[in-house]
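You will see chain A twice below: alongside chain B first, and alongside chain C after that.
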Partner chain A sequence: MIQNIKIIFSFFCVCLFVMLFADNLVADNLSDKHVYGLFSENFNGATQEAGTVDDNIKLNIWANGDSLPIVSTTTTPASAKEGNIYYSCTVVGSTATDSYSGFCYTFITGSSTTVTRNISAFSMLEFYIRPKTGDVSAISVGITEGPISSPTDRTVTLSSLGVDNSSHAWQKCTVDLTSFSSADLTNIKNCFLVNTTKQTATFDLDSIVLKRSSIGEFNVAVKNISDNLETSSVTWSSSSFRNSWIAAEQYLELSLDILETDNWTVRIYTDNGDSSKDGLVDTTDGSNVLQMCWRVSQNTLPNANGDTLLITQSGAPNYALYDSGKSATDPSYYTWFYITDIATGDVTDYSLLWDSRGYHISVGGDFGGMSNPIYPKVYLGANCADAIGGLIYSANVRVVLSYE
Partner chain B sequence: MNKGSVNFMKKFFSIFGLLFFYGFSFAGLSVDPAIVNVVADASSSYEGKYVLKNTYDIPITVILKVEDWNTYSGNTNTDVNRWLKFDKDKYYIPSGELIEVPYKISLPEDMKGSVSGRVYFSVEQQQGQMVTIAISVPIYVVVKGTEKIDFKIDSFDLQNSKKGISYKFVIKNDGNIHFRPSGVIEIYDKKKKKLIRTVFISETVPVYAEKNREFSGVMTGNDIKKDGLKKGKYTAVLKIKALGRDVSKEIKFKVSKLGEVVTS
Partner chain C sequence: MKKVLSLLVVMACMVFFSSMAFASTDTVKTINASANFASSGEVYISFDLKNLADDSTATAITWDPTAVTLNSGTETWKTAQQYAVMVASVTKTSGAVYMYQDNKSNSADYVATNPRTNQDGTKAFSGLVRKGSGGGEREGTRGYVPLSYTMSASKLSSSYEYVVSSGTARYFSDKSDLKSDGSTSNLNTAYITIANINGFVAGVTGETGTYALSGVTDDTAYMYFGGGFRDIQGGDIYQTENILILTFQE
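Take a look at the complex of A and B:
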């Protein structure tokens, strides 16, 4: 019997290996996502020189006569369009004949082998540009079609996309990929291309994505902390009884694949029918409420960074909630937010989980941009100190994607 | 089968279960469009539709709820149910399918300015579930010919912050429709003869009818660094544009030797 099981086990181990290996070989984000991030801190997509086989891109830069463009990342959250990081770009043209320069994202496999990919499911290339100095109007952007041995650029100028060079604000650009009528989108080498010819300018780029014309999804999955498997309910262990702030045994994993407007937010509330019922409410007469809290992270918790999931409450005056071991006085470490009931409305940012700035890290107003895979995890806590034996507590927790 | 074998099989199925669940992590609900803007005459009607898609591997029921949201109070009855109608409040969607949810906007004769509401599409909870997801989208309706455009900059201030000089201003909308302002902050020398810096405000968030909205940001990077202005006296002019109308507000401020700002 044992021998048979060992044989079966060996067989399934092989299957497991093949499935996991195959998962890394076949397209995932490129074929799955409606919003495919090329340079995005909120949407899953490609990763530079580190993605899975079909989600691997490389930044290439070139020049002939013109100076080699400088394309560097700048981390200034207040100045980024999305998340914390944006590209600062400098191009310097020359008067030499046939001078040019440019940069692009090229699909690669392995460490640097150029390949072509099928992006025909996507109809739009969207990005934000912020002109700074010089004139960006004649700079062209687009994609490069294969074959690799004889590629063809498909571009439009920034001025044709409506970019106002005199405005130094972030401006949204949408390249209609379907307008490249003769382009074979099943055979694309460069999924984002910037070409310059003799232009001198500085500008910033951010939030570069490919989008399908169909709309994507928003979802929240409940998962066990213990094994990361999906489940249907959120529970607190029996040892929580009569203890103060305790984290639930499950977390919520968010999945966002929609980018219809920039004014989107994801918020979390209880929906228990009254602003005072901002927590777990006893199901007998609703008079006993155990206050709840939440925190969101890109990572699973607890982890080695000191995110303990051991919720601690500071004293007066702010009674802040933070992870045990972190600062009791610095609001940037107050990662836990008291939950509010939807009846209270959005009078504070205590319901705000995620917006274009990234996930809401702390009460101090910090937001975190993310990198693939982008599935923010929401942890729930409750103050069970006043729990009454024999009562059953429940809450309607609502996670809402909203637009303005 | 002995106990060891059973435990072994449990571990085995746990591994298999992991693979099984992995494939279902991208399902969800979608709603299109995200924002509805309608301009219509009083006594007229408008018909539109939402497209809902269920990408879960199971059928779902979507519960629809509408609510008043930042609507102009000048109308005698602002109840969203008075002007926005859906056929049903529950929609069954088979797995992997999409449905159309029609709606009708009917503007009574006495309606003026604007009305706005919010439509919640939430996935009905299964027994024992505690968490609900919802997608909430706004509908803005402007009653053509009755628009009152009236807004001003209520306050404008520059402050020191950890991240540099920051700006904060409040726009007060005394009109009866919402708008999405944009603008600039221009920094001049003391005598307002020389333009030194320009800070562009590219906000796209709305200021609702009869409401105030605060806008703030740090003048960094392309704009103003903390040490970007020398010691001296300056004038800052905030210019806001919306709905074809411009408003502005001016303040004087000093920058100290340490690069800190003092408004007067």
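Take a look at the complex of A and C:
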């Protein structure tokens, strides 16, 4: 009897582990997310040829008469609309009869089996385009409806979306999926489609997402560094006493599923009532403050890349904070930011945690795009060198998502 | 009139739409962060006596009798031949290091049984007690030689001449000192505290306030002792056997 219970318990534990481990790999973002990233470094969604059951897409390219389109990723953060990477696209048309070309994201399962999926919860297909050469006006974009054996494209032209071909800046395009009145959105083969017919042009694409009409959520979870389990608050252990910069025992995990506008920021502050109280404040009379700092990472820390969570402070004049072992002179390695109190306002970017450029990597002004699963981790540190025994220090840490 | 009205309407619309355009929506998440050091911290001191002359280790505080003028009629402060090197660490908010005497617990020859009266009326048992006197008022009985101490962030020269009026010197207190009405203990922590959370205590402002000794490095400071000699006669021997240095924390 006891042996049977042991076997059942073991089986239960294995199942639980598999469920937890597999959660991100097979996450059905399509049914969960309000903003579903197809090509996005800030929003969870599909992953290209990930071999997973649900959020799996494949980039397909074709041509007949026209040249095969070139659709390649370019990694130039300063030039991307979002994150680090964008698509550089080249289409070359011909004069041949019935010539055409195109490319699309196709839902697949396994390594390459085409499937149709239900995107009826989404009302908009949004993306950014940057015309470069030629004329993109007549290029059409949209989706492809199933069945797989006899698909139907549902598209609109870029000119109908208001794209100004003469402008070489990023321009936002919104395809109203509900305008495809007869389309069956429950049975979609290609979730993003670009069709060209004899057009010759070069252009860039970035930040391709599906959006629902309803608004999603912005959440902040507190998790233990030790076991990644969710908890309620951030703490420093008593062994931090009288030690200089020490990382807290927990991290904050952010979950962003809102994209009402493109002017959004996530900032972090203390909210302790005074600009001078930018840290942990003693709860006795508030006269003692332990400075705090923060850093954000796409993945959990510490890692094998030298992100040690062992915070080191350089000397004058910068007093920069970086992970032990990293460069003390290169600001791109200054991954820790001194926290500011909300009373100080946003006089510097030291409160800026995340925006459309990605997560704020360093004081040097670097931002990083992310890939699925996108749940940035925020780590906190405090300088406990001057901590006073007998006192309890506390801070209200505020993470604020703002959008206009 | 119509033009003015139209202009107002246009302006109102501009204000309305501009406020719409720049209206910011915030979603705020607040997390508590804390560090509980209620049980952390220490109170520690080492107190090593050394001879001023050669910095060798000493075991008692003494004064050179040849430096004292007999029957002087006026109080003259003399530096003891020894000083103390102190290393302290007080990292607890309620922590402190106290120093005071306990002359009532001296052996029979040097026990203080009678206090002297200070200028403010308080009764003091502190200082060096003349052998066999039992203490008492200074006039006539010559029962006490008052003691004082001062601290420095750096080591002073071996010829240092004690200055009691510098504002940084403090009289020794005795645990049996009494208030002016003779009722209760007159131990004032401001006068007996030699170190606390702010570091070494350099002196006293007013009756209770203390101020930190500046310039201290490596948690090390130096203490020098002064004796206030007056009307000393040949053959007199003064001594105290109990100077207590103790750490305190709640």
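One rule holds in what follows: the second predicted complex is superposed on the first by the 381 of 404 C-alpha atoms of A that agree within 3 Å, B and C clash if a C-alpha of one lies under 4 Å from a C-alpha of the other, contacts with A are read in each partner's own complex, and residues count from 1 in each chain.
Quick note on the criterion: a residue touches a chain if its C-beta (ideal position, glycine included) is under 8 Å from a C-beta of that chain, and two chains touch if they have at least 3 such contacts.
Keep in mind it's a predicted model, so treat the numbers as computed, not measured.
Once both complexes are superposed on chain A, the partners chain B and chain C clash.
By the touch criterion defined above, A:H168 reaches chain B but does not reach chain C.
Counting the residues of chain A that each partner touches, chain B and chain C differ, and the larger count belongs to B.
Once the two complexes are overlaid on the shared chain, A:L252 sits against chain B and chain C alike. Residue contacts after overlaying the shared chain place A:V220 against chain B and chain C alike.
Within the superposed three-chain model, A:S394 lies in touch with chain B and with chain C [touch as defined at top]. With both structures placed on the common chain, the touch criterion links A:S402 to chain B and to chain C. Once the two complexes are laid over each other on the shared chain, residue contacts for A:T76 go to chain B alone; chain C is not touched. Applying the stated contact rule after C-alpha superposition, one finds that A:A50 touches neither chain B nor chain C. In the superposition on chain A, A:F241 makes contact with chain C only, not with chain B.
In the superposed model, A:A96 makes contact with neither chain B nor chain C. Taking the listed stretches 129-137, 165-173, 201-209 or 219-227 of chain B in turn, the superposition on chain A shows a clash with chain C for 129-137 alone. Touching of chain A by both chain B and chain C, each in its own complex, is seen for residues 218-220, 222, 232-234, 252, 258, 260, 271, 394-404.
Across the complex, chain B is touched by residues 1-2, 5, 8-9, 12, 16, 19, 23, 32, 74, 76, 78-79, 130, 132, 167-171, 204, 215-222, 227, 229-230, 232-234, 252-253, 255, 257-258, 260-264, 271, 375, 394-404 of chain A.
Touching chain A in their complex are the following residues of chain C: 21-42, 91-95, 197, 249-250. Interface residues of chain A, counted against chain C in their complex, comprise 218-220, 222, 232-236, 238, 240-242, 248, 252, 258, 260, 271, 280, 284, 290, 292, 380, 382, 384, 387-404. Chain B makes touch with chain A in their complex at residues 1-2, 4-5, 8-9, 12, 14-19, 21-22, 24-35, 51, 53, 55-56, 118, 120, 122, 125-126, 128-138, 163-164, 182, 198, 200-202, 204-206, 217-218, 220-223.
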